[in-house]
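See the structures that follow.
Here chain A shows up in two complexes: once beside chain B, once beside chain C.
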Partner chain A sequence: METKLAVYICTGCGIGEALDIEALSKVATKDCKAPICRNHPNLCSQDGVQLIKNDIANEGANVLVIAACSPRVMYDVFAFDDCVVERTNIREQVVWCQKPNDEDTQMMAEDYVRMGAAKAKKTELPEPYKPEQEMSKDILVVGGGLAGLTAALEASKAGYQVVLVEKEAELGGFQKKVAQKVTFPYKELTANDLNQLVQAVESDSGIKVYTGAKVEKISGGPCVFDVSIKQNGSTAEHHMGAIVLAAGWQPYDPANLDGKLGYGASPNVITNVQFEEMFTSGAVVRPSDQTPVKNAAFLQCAGQRDPEYLPYCSSVCCFTALKQAIQIKQQDPDANVFVVYKEMRTPGQGEDFYRKAQQEGIVFVRCQSPEVMVQGSKLTVEADDELSGEKILLADLDLVVLATGMVPATAFGEDFKAVQPKEGEEKEKEDEIKVPADAILVSDILNLEYRQGPELPGLRYGFPDSHYICFPYESRRTGIYAAGCVRRPMGVAGALEDAAGAAMKAIQCVELTTRGASVHPRAGDLSYPEFFMQRCTQCKRCTEECPFGAINEDEKANPLPQPTRCRRCSVCMGACPERIISFKNYSIAMIGDMIKAIEVPEEDEEKPRIVILACENDAYPALDMVGLRRMTYNAWVRVIPLRCLGSLNLVWIADTLSKGIDGVFLLGCRHGDEYQCHFIKGSELSEIRLSKVKETLDRLVLESDRVRFEMLSIADCDRLPALLDEFAARLVEIGPNPYKGY
Partner chain B sequence: MAKAVTQSILVVGGGMSGLSAAIEAAEAGHEVYLVEKNPYLGGRVAQLHKYFPKLCPPYCGLEINFRRLKNNPKVRIFTLAEVTSISGSEGDWDVSIKLNPRYVNEKCTGCNKCSEACTMEIDNPFNYGMDKIKAAYLPHDMAFPMRYVLDPALVKGSEAKKVKEACPYDAIDLDMQAQTVQLKMGAVVWATGWKPYDAAKLDTYGFGTYPNVITNVMMERLAAYNGPTQGKILRPSDGKAPETIAFIQCAGSRDENHLPFCSSICCLASLKQSTYIREQYPDAKITIFFIDIRATDRLEDFYRKVKEDPNIQFFKGKVAKIEQDAATSNLILRVEDTTTMSLHEIPAELVVLATGMQPNTSESPVPTSLAYDDYGFVAAMAARPGLFASGCTRTPAGVSESVQDGTAAALKAIQSLVRR
Partner chain C sequence: MSVKVDPNVMKDLEAFGLKDAKKCYHCGNCTAICPLSTPENQFPRKFVRYIQLGQKDKILQSPEPWLCYYCGDCSLKCPRGADPGETMMVTRRYLTSLYDWTGFARKFYTSERFEIMAISIVALLVGIGLLVFNTGKPDWQHASLNSLWPKENIELADLGMAAVLSFLLLSNVFRCFRFVMGDLAYKVPFKYYMDQAKELILHTVTQKRFNECTDRKQWLVHLLIMTGYSSVFLLVVVFLRWFQRDQEIYSIWHPVRLVGYYATFAIMYGTTYAIIGRLRKSKPPYKNSHPTDWMFLILLQLTTMTGIFIHFTRLLDWPFATYFLYVIHMMVAIPMLVLEVPFAKWAHLAYRPVVLYLLKVKAQYQQEQPAEASVAVAA
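For the complex of A and B:
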């Protein structure tokens, strides 16, 4: 396609008063060789937009550089079909944060126009990815418990075909053991209606159910998943769109509990799960002799909230104890029932259920460390009652029920890294970049044929949960969404909503993927990475560093990208030392050209230059906010937004320093345990890469302080001016880049 | 399957739950109308300093969500808008939406000229009235849409003309009137959220009388850089850095005289806020008065971490009364120690009331008939066929749960469209 560059400079919002617009236009026409360059006092007005539209229609302008406000605003105004649109931010990040009519301010704006034009020239319009295989919109649900059944039914009700795989012979999961549940409105015990749900699923023509079955293998990616399901010795193949993982949980093994809780010392010390089974199968009796229970105690947080056992709270055990205590009371109103608890956790309207239990005459004892003593068939619990401050004895007990917690099904199995066959005897290369590995346990649930491991990576304690508070369905394996207690401990009400939510995400994934678009967080992005394979050296960095496991390997160890798994973060592009990975609208050459477009003043002008590579989601808006608040920052900086700092390719550092630019400042998101990087480890990878380049700089006697990485959040606009000044001051100390003028 | 009359989904409430419902449905290819009564989206979370347990800024996720909206023309947004009536049935709802005047039209570029020209100040609603803001204003740093607002008092006042003339882009329309639009919708998601329980009703705590008794939502603003004190936690009476701080949990919650339910988030909110204080004041001493600390699931990790801080004390007991020392504006907390049955007097320079969540539906119900629980929450997500409640409209919930719920509600709404 023939391209024609047009540069539009808005002079509104203070731009015209702060800059020499004529000189700026000259940069566009002379330096950038733009055949069209126009100014407008209010470019976002109807009149201004019409100006652009006329050029598109009459002049054939199709590569548009709009030097005006931040791309974060007026996004709907400056949208032109079939044109490359580059928004050059000379409002928030130039005139609103710099001295008006100042030489440095003018130079900054001029550089941004050059950089914008350079970027626009290297941008192509992306075309959506279409795989060769037929795309499926069907949803696979793994796990036929409450969450899995609900996810299947919810997806089917929205018009999607579902395949449900359950490992047991019958559907229902843990809830099969449960006769009564605690849920909204939390006033009374509620009869469990699981059978209705099972029937609804079984009679739904849109849901194909496999019981007594397991997923043997999953290959491919969203909309092209190939799933092998093994049942009764035969294997069924399904072509699927997206996956809901609802594999549920296992009770914590009571044999591992602290001996003072008495488990194993008497048959009359049981777990809350054993209580459910006993209640559902008939009456609650003393296990040792099947006599009625007159006195019972529930000991909460048995091996929970304790780093030596389960460090977390399983969320439901308080409700379960209240329910079971009420069940004993309803069986025998004269029974003495105690609940020995550390914290009573009945959030929301659940407080009503706690109140009901109190009204039923259940006695609550707050105690951090109860002890069970066994005397024949009778039990005694010794507890330090925090309310009275006294040691009390709950004697003559027929039954002690321990509230053991939930362990997600994904927490079982060996560490994938440990079982992975080591590849050859390759010595670790000196410049090897150590990539933080995913925590994947071989739990034999999904059996993904992914190079990075067969299951979803765990977050903590084996839960494959999202680490994002505002995006609980963020998944590190695209198109696979965890729901229910496998994701985090939750009760019945929570599991129902969670299953519907995960089904929603699965549906959304197939809808976006069939349009060739990315899913969250770059939802709708049509670009995807292209690999120039002839130059690949099989170094494996792209396959190892992709945060989403999107790149497998073929037999010859070539990377085998699976584009429907791709989240378009471009971490692979940053990882590749041969620079063979690029997107139509984002590439190494593009950022390189932006860097090269910066004019570097001679040493004697004493105008150092700093390239800021900024995360476009957090650091870039923070820089905008500095402008919005009319604070000022250092005039030597030139900001280049990156999709993710993880797309940082080290060649950019070389490009920058060899051009005589004095420093490079990377502004990325927080990483580590509480990472905020939207692409999991992109920010961390960029810092690791930078540390490698620092070593090289030291070797070249080019001061390593010229490059710096800083974690910066979107709310850190107040920190920015000082941070940039401090870096600039350090560069002055170091002195000019010796490559200036080369 | 027969199709609904219209394929559009109405989402009422642009807070975390509604925002999520709208975006999730739109990204699955559905047309959505999002109605928000504030001049900006983001709801209560926009006013939070940080989220627990990660201590990350809400703006970060909001930026992503706003970008999702910007990239998705399927979502139509009405701010300063309220739904006044809903009639009809699943797949065929008739909805009236009242659009209140912003007095600023789409020509606004956000240049700030109107604000510069304006001298009138109003209490800043974003900061719960703790500071003043110009009556021509941008609600906050990340207001979306980024468009200024004129306070009605300014429009009626003598300065209106001057402010209008200051706008170079003809974006101010002083004659803007409230108007009503009628829309046909296939499904409705109601997510109007919550408001902080009125702490003045806790009459023994002196909120509103004693300046150094504040609420947890106010503490969020005090800690935020874009709050009234540029992020310095200073006590309101004299701007002093507090050395002793008390958090009173269940201030109104779990109390049959006020909110009988538990508001679910206040324990973690206070734990989080105690970290704000400890970060700024390494010597400050904090006491948290509680009944139970409800740090469910992995949030327990955060509770454990906070408990390790020797400067944070946990005191099980309810504060009966707060008194103020008139000379210093310091506070004295009268607390009954249930263990010894003795009365303690504990001094504090700043008291934070962990007030709970009152559902907005308890005062502004959904304008159609449906069932509520005893406290004004909508009784079920499927409130009626084709009308769904999500987030804190249904139950007190944290951010993650609200998103989860909004995502689920989006699916229910989509089912409505294919069902009929």
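For the complex of A and C:
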């Protein structure tokens, strides 16, 4: 296709007053050889947009560089069909954060126009991915408990075919054990209406239910998942679009608890789950002799929120204890019931339920470490009552109920790394970049045929990793969304909300994928990684580093990308040492050309240059924010946004330094347990790669200080100017890059 | 030492009027807002907790309930509607019953029926007594009480009653003293008890502490009822021979007459204010009314009203009406004195100043025995 470059410079929003627009236009026409270059006092107005449209229609312009505001705004205005659009940010990141009408400011704007044009020239229009197989929009729900049933019903109501797999013979999950529940509006106990839900699912023609069944195998990717379901010795095959994982939880094993809590020392010390079973099967009695319960104590956080046992809060056991305490009171209003707690956690409207328990006459004792003592069939609890400062005894108890917590179904099973057959013959290469492996437990729930492992990678405590800060329901396997207690501990209300949320995500996934578009967070992106396989050395770096396990492997260890699983993070592109992975609108060469488009002043001009490779999701908006707040930052920097810092290919650093640019600053998201990286591993991987480059730099007698990595969050804009100045000062100290002028 | 939790105390206290203490979640706002709570003597939250945990002994040894004058600020500020002020009131009722060794007080507080029965029986006895024991020679010409019930005789009966009442009250006060002082009771040198005696008098007379509360009106009403009641009590028990007179009516400026008028006005004003307040539940202290509260106000107002009527019938010189009203008057006044003073609400008249006084004694002792006090704390 014939391409025709057109550059548009907006002079509104203060741009025209701060820059020499004529000189800037000259850069476009002379340096970038743009046949068309226009400016407009208000490019985003109807008139401005019409100007562009006219050029598209009449002049055949189809590669458009729009030098105006940040690409984070007005993206809907500057959208033109069948045209490559490159946004050059001369507003937030030039005129709003630099001295007006200054030589340095002008140079910065000119560089950005050159860089934008360089990138635009290399960009191609992406064509949506269409797999050979037919694409399915059906939704698989794994787990037939409250969350799974609700998700199935919600998806079916929205018009999608659903397959539901439950491992037990009956639907219902844990809630089958629950006779009364506590949920909105948290005023009273309500009878569990689970049966209605089960019936609704069973009678829904859009839902195919498998009970007593398990998922034996899942291969493929979103919209092309091939699922084998085993039931009664036979196997059913389904072609599915997306998956909701609602596999639920198991109670924490009370045998592991501290002996102080008395579990096992007396049959009258039970767990909240055992209480639930006892209540549902009849009356609450003293387990040792089936006599009525006159005095009972509930000990909260049994082994919970304790790093030695279950480090987190299961969030429902406070409600459960209140409910069960009220149940005892309703059975016998004269019974004495105590709740011993560390902190009572009944947030929001749940407070009303705590009030109800108070009204019922339940006595609350705040104590961090109660002790249970057994005397025959009677129990005594000793507790430090923090509210009176006394050590108190709750004597003559018939029943002690321990609030044990929830362990997600995904937390069971061996570590995949340990069970994986070792590939013995391969020797570790000296230069190999070691990437920490993900925690994947073989919990036998999804049985994915993914090279990285058969289940969802976990983050902590066996919960599937989800980037919980920003994207609930997400997992690190595209098209698989977690809901209910497998995702995090939650009560009935939470599970219902979760189920609807995950079903919604699954629907979004099948809709986007069938259009060939990416899902969250690059929702709608039509590009996908393309591999120039002839040059592949089977190094496996891409298959290992893809945070979403999108790349499988054939028998010869060639990568087998599964584009519908891909999130378009381009981490693989950064990982590949042969540089054979690229996107139509994002490639190593494009960024390389942008770097090369920067003009590097001679050494004696004393104008060092710094390239900032900034994560598009956090660091780039933080830089925009500096401009929005009209703060000022160093004039030597040139910012290049990256999809993810994980797409950093080391060659860019070589390009930069060999061009005589004095330093490279990588701005990525926080990584580690509290990571904020949108692509989970991206910033971590880039830092690991960087450690390698530093060794190489040292070898080349190029100071490794010229390259710096910093973790930055979107809210860190206040820190930015000082951070950049500091780096610039360090570069001045080191002296100019010796490659200048070569 | 760990103490056993007794959940029955809470249930027991419901009979004493405990209602909302369960709602407390121990934020401590009440203690923070209370103008009378001090770091050494904190209340009311602590007592809500003692009650929730059934710490009877702790309550028994505590002086704090008597430091509270029930201004109700805490109840207004409580975010949970736990009415801590009322809980303090309940604690005082409970303490009154615990101090009382006869067990009468407990019955009085926990059974409305018992209360009414007891009052009726005493009233009846008084009525019969007055009908049986008299001179039998009433003066039908003039209203002359002394002709039927000579003041010497009444005075004698008065003194007898005073002796019994004093014995009962003092024995209960003594128990209160033992509970509050604990081990210190006899350790503190007698000198300190003497030194602080003036405090006792000061507090009794002025109710000074109550004045620290933000609602000054309550202090005034309380002071009026208290002084009115006390002065009339003195008139009828100690100064009866100057009070119950028939012939020459004192001139309007005569001290006895003035005191009488003051007392009448003070009691009528105070009780009417309180009754209206309780009916309208106008402020926290009036929101919850225990049967004993009503009984106290009704008896006091009835006594005063019949007293006023007698005053007028005497001035009008109507013999029959005077004698009749006198019997009624006595039938109301005597039960009130006999039952309320040692066993019910009136007892606080003694406990409150005594406990304040004991606290001062304790404080002085601890201040002047620093070494010994710190040893005691360490132990």
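The working rule: the second predicted complex is superposed on the first by the 737 of 742 C-alpha atoms of A that agree within 3 Å, B and C clash if a C-alpha of one lies under 4 Å from a C-alpha of the other, contacts with A are read in each partner's own complex, and residues count from 1 in each chain.
Everything that follows uses one rule, which is that a residue touches a chain if its C-beta (ideal position, glycine included) is under 8 Å from a C-beta of that chain, and two chains touch if they have at least 3 such contacts.
Please read all numbers here as calculations on a predicted model, not as lab measurements.
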TODO: Counting touched residues of chain A, say whether chain B or chain C comes out ahead.
DONE: B
Task: Which of chain B and chain C A:Asp253 touches, first, second, both or neither - done: neither
- [ ] Using the touch definition from the top, say if A:Phe184 reaches chain B (first), chain C (second), both or neither.
- [x] first
- [ ] Could you say whether A:Asp415 touches chain B, chain C, both of them, or neither, answering first, second, both or neither?
- [x] neither
- [ ] In the overlay, answer first, second, both or neither for which of chain B and chain C A:Leu387 touches.
- [x] both
TODO: Using the superposition on chain A described above, determine whether A:Ala395 touches chain B (first), chain C (second), both, or neither.
DONE: second
TODO: Once the structures are superposed on A, label A:Gln358 by its partner contacts, choosing first (chain B), second (chain C), both or neither.
DONE: second
TODO: Once the structures are superposed on A, label A:Gln508 by its partner contacts, choosing first (chain B), second (chain C), both or neither.
DONE: first
Task: chain C-contacting residues of chain A that also contact chain B - done: 355, 366, 387-388
Open item on the list: With touch defined as at the start, can you tell me which chain C residues reach chain A in the complex?
Closed with: 1-5, 7, 10, 22-23, 25-26, 46, 49-50, 52-53, 55, 58, 80
Task: Partner chain A, residues of chain B touching it in the complex - done: 1, 16, 24, 27-29, 45, 51, 54-65, 67-68, 70-73, 107, 109-112, 138, 141-142, 146, 168-169, 224-225, 230-231, 254, 260-264, 292-301, 304, 316, 338-340, 373-375, 377, 379-381, 395-401, 403-405, 407-408, 410-412, 414-415, 418-419
Task: Residue ranges of chain A touching chain B (in the complex, touch as defined) - done: 12-14, 42, 44-45, 69, 72-76, 154, 157-159, 184-185, 305, 307, 311-315, 343-352, 355, 366, 386-389, 460-461, 463, 465, 467-473, 488-490, 494, 496-501, 503-505, 507-508, 511-512, 519-521, 523-524, 617-618, 621, 625, 628-630, 669-670, 674, 676, 678, 713-715, 717-718
Task: In the complex with chain C, residue positions of chain A that touch it - done: 295, 336, 338, 354-355, 358-359, 361, 363-366, 382, 385, 387-388, 390-395
